[in-house]
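Structure in structure tokens, see below.
Letters A, B, C, D, E and F mark the chains in the order given here, with residues in each chain numbered from 1 onward.
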């Protein structure tokens, strides 16, 4: 039994994430999706709560033929203990999946195997693009699974993102 | 669609929890299991990590005919914001399930419906009993689902609990 | 112009506190009431929120002929920086008033004058007594100002204290 | 009895804030002034401590015909629990006043009525302007109540702001 | 080159610690002394600050023929990341020394060699004894190095310990 | 006996720091080197852990004819209590040494003597330059003591800095 762990912020979960999950699904038996910055929400960079992101992920991957766990990971703001933090919050995993250079480095220094996708940081860029399109009334629906469209609408996420993006400071010093 | 949220520490997930989950399963369509004190582990009172508890729950409820989410909840140590914390970490829920008087009070003050089981705090007492039996070589296996027995063994949980229970201070002031 | 700072948890504000405030009022021009453990609430030891305690204090001292400030002080759990924390949260003060030996020590080590009442820790004991009477349906109203009775009733404080006192753990590991 | 809650950082309390307070005073019986980022001080963006800001506010509003509470609010850096945090630290209020889009959104999602002033974010811009004038020896005194001028001088605030603004990092990584 | 790490609270550093250091000195080239609960002070259980304990250790071991590092370790209150925390704060070490069952367990689960002394938890008991003798005017000087006697006197440590031990709560809820 | 305290981030310890230490060594008997942002590592701005920086400092100053203490200082993110934090973590000191305007201000407000070097913020600029050269394969070895070169190589620090600097966010929102 092989278990992988794929870490992202999933703000929101989009097609780039989904393609990566499908790719990973062919390599492992079970997959943990670690939701980074779980304590952040209601900002331009992190509009959705951890609970909302758990919903997006769980609904979107339900058709895939692989057992998944969506695990929120609160920020500790200490890179040196971050790998231990992930390991304590997640079911035990054998391989980490990430395209984030810092995440890759931290896992490697901890002696954990990391695999990256050939499309380097593709899905991270897509995250910014999706949020930008939501903010500016672009076609963001084309970039995310249908289940995510439903959830964003249900929580009035478009209005939320637009409104909070008018704040100068993204929530610092309310 | 009705979603419930059942909160416990699940140290470990045992038959008392499982009976309550089965009961709840007849009332709701989906169930969130909120894992309290997710940041605590390796003490007599909280021996297992959040990740280990996610495993116990997910494996134990996989046969039930209900969609479940196992969501770790880190302690904020501020009762007054605790309900908001749970709501932000969890998929949206309609009803909270708990037998803990404080939890019940906090949800009620927030205007959220709470349901309690007739066997008041039965499952909490069972948690202490299970840990005590693990510690003293009693028949703890009789009180938990088979899946939990497997996981406790896989992580060498019996030895862990016995060893940490020899510390005076349960981890404070290492 | 002389300003004093009197620190307590005020769970709740009671006649012992009030007598001490009246005594201090004859010595200073303005008085800061520092509300300790402002982040704690909904436990047997700390049933009321900071906001509720601000109300109790402000309403109770409104008749006194002295300018007062009710300032919530969140716990930092680091005694060594506690005096600086109080100083940064409070209008500047010349004299600290306390009967708590630790508080007295910390102010003294920081070179700040501290005055204690002759009735050593009288008001602290009264705090426990008031909470115990609330819990056990005793005559707690006799020990607090009328304004506090009103506020406790308005927030359904009697029921809250009784309910949370049934929890084993006072909120740890919800 | 109607109570309002007006939230700002008040770095420092200036005429824009004061005009808004006067406007609110005609609508409510009591007013809470919630001091955001209460734990921040000694930076270009947040030069004054919570205690200093309590002084500025209390002295400046003492002539108004309304009961006021100045309540420091420490940052929790979790938008999703922020409204609960404010509610627990503040006397109970019926209406929130703010011109900050994020604050407005958070209160609205919590089902609390929010009122905004027609002059959108006017007072926030004035805050930057006041700090800039202090820093560059401009006429900042024209933009704040006389009481604030006195307090800034008493605490040597002009020198403080100039000196800390020479640091690259505003206090990060001292 | 072999480096060891010996972890304790050192409240205060006493002869039991010193004998253990001398024993370890024969096994390693360099020794890190990790000062646990570095953020705690001014309580009966933890009377001395991290800085005071660094002084005690550095002065007491200066005669030993081994390079030492005294490293304060703040509590994170998360056992699962504690080993990583120690590793990030300390010069890299090969062997951990401890008699605390929890510490031993945590290092072992992280795959780090731990050595215990035959006199199990002897030095921990001596810590309580020293603090009790200080508190009750007993002969505590007989249990600590001369350098520690000097430092405790210089910081007025005897008076501090006696005074704070009169508080009910050891600093919680000031 | 005169003790000084020199505070920096030491990312890494370089020749600018070393010259300042040599200068200070002629003025005091003992020197504390306070390592700021001790909890930060693995970012472009703060690549090295506290433990690694303790090593760099201790090895580099071992030849100087002065007793030194390398003391890690975790960020509290509250400027108003920062001086107390430093004082509690450090052996008692008489004079603070810094060229950082914020640090100077905070010590001065606390009534502690601060001395600055004539070469204003020279050593801070050198820190950026060293990290930039490491990142871009420049001659960073010319700017740091030989001992630091050895340690950076031993911990594979060049690769670490290059890899983490590819992350957009320097670790925020992993």
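Just so it is clear, a residue touches a chain if its C-beta (ideal position, glycine included) is under 8 Å from a C-beta of that chain, and two chains touch if they have at least 3 such contacts.
Please read all numbers here as calculations on a predicted model, not as lab measurements.
Visitor: Chains in contact with chain D and with chain E: which ones?
Guide: Neighbours common to chain D and chain E are A, B, C, F.
Visitor: Report same or different for the chain D and chain F interface, where same means the shared residue numbers exceed half of all residue numbers found there.
Guide: Answer different: the two copies use largely distinct residue numbers here.
Visitor: For chain B versus chain C, what separation do you get between their C-alpha means, in angstrom?
Guide: A distance of 35 Å separates the two centres.
Visitor: Nearest whole angstrom, what separates the Cα centre of chain C from the Cα centre of chain D?
Guide: A distance of 25 Å separates the two centres.
Visitor: Rounded to a whole Å, what is the gap between the Cα centroids of chain C and chain F?
Guide: Distance between chain centres: 42 Å.
Visitor: Going through chain E residue by residue, note those that touch at least 2 other chains and give them in order.
Guide: 40-41, 49, 78, 80, 87-88
Visitor: Every pair of chains that touch: which are they?
Guide: Pairwise, the chains that meet the contact rule are A-B, A-D, A-E, A-F, B-C, B-D, B-E, C-D, C-E, C-F, D-F, E-F.
Visitor: Please output the residues of chain A touching chain E within their complex, sorted ascending.
Guide: That would be residues 76, 78, 80-81, 83-85, 87-88 of chain A.
Visitor: Enumerate the contact residues on chain F facing chain E in the complex.
Guide: Touch list, chain F to chain E: 38, 41, 49-52, 54-55, 58, 69-72, 74, 87-92, 155.
Visitor: Quick check: in the complex, which residue numbers of chain E touch chain C?
Guide: Answer in residue numbers: 39-43, 49, 160, 163-168, 170-174.
Visitor: Could you pull out which chain D residues touch chain A in their complex?
Guide: 7, 9, 36-37, 40, 45-46, 73, 75, 77-80, 82, 100-106, 109, 124
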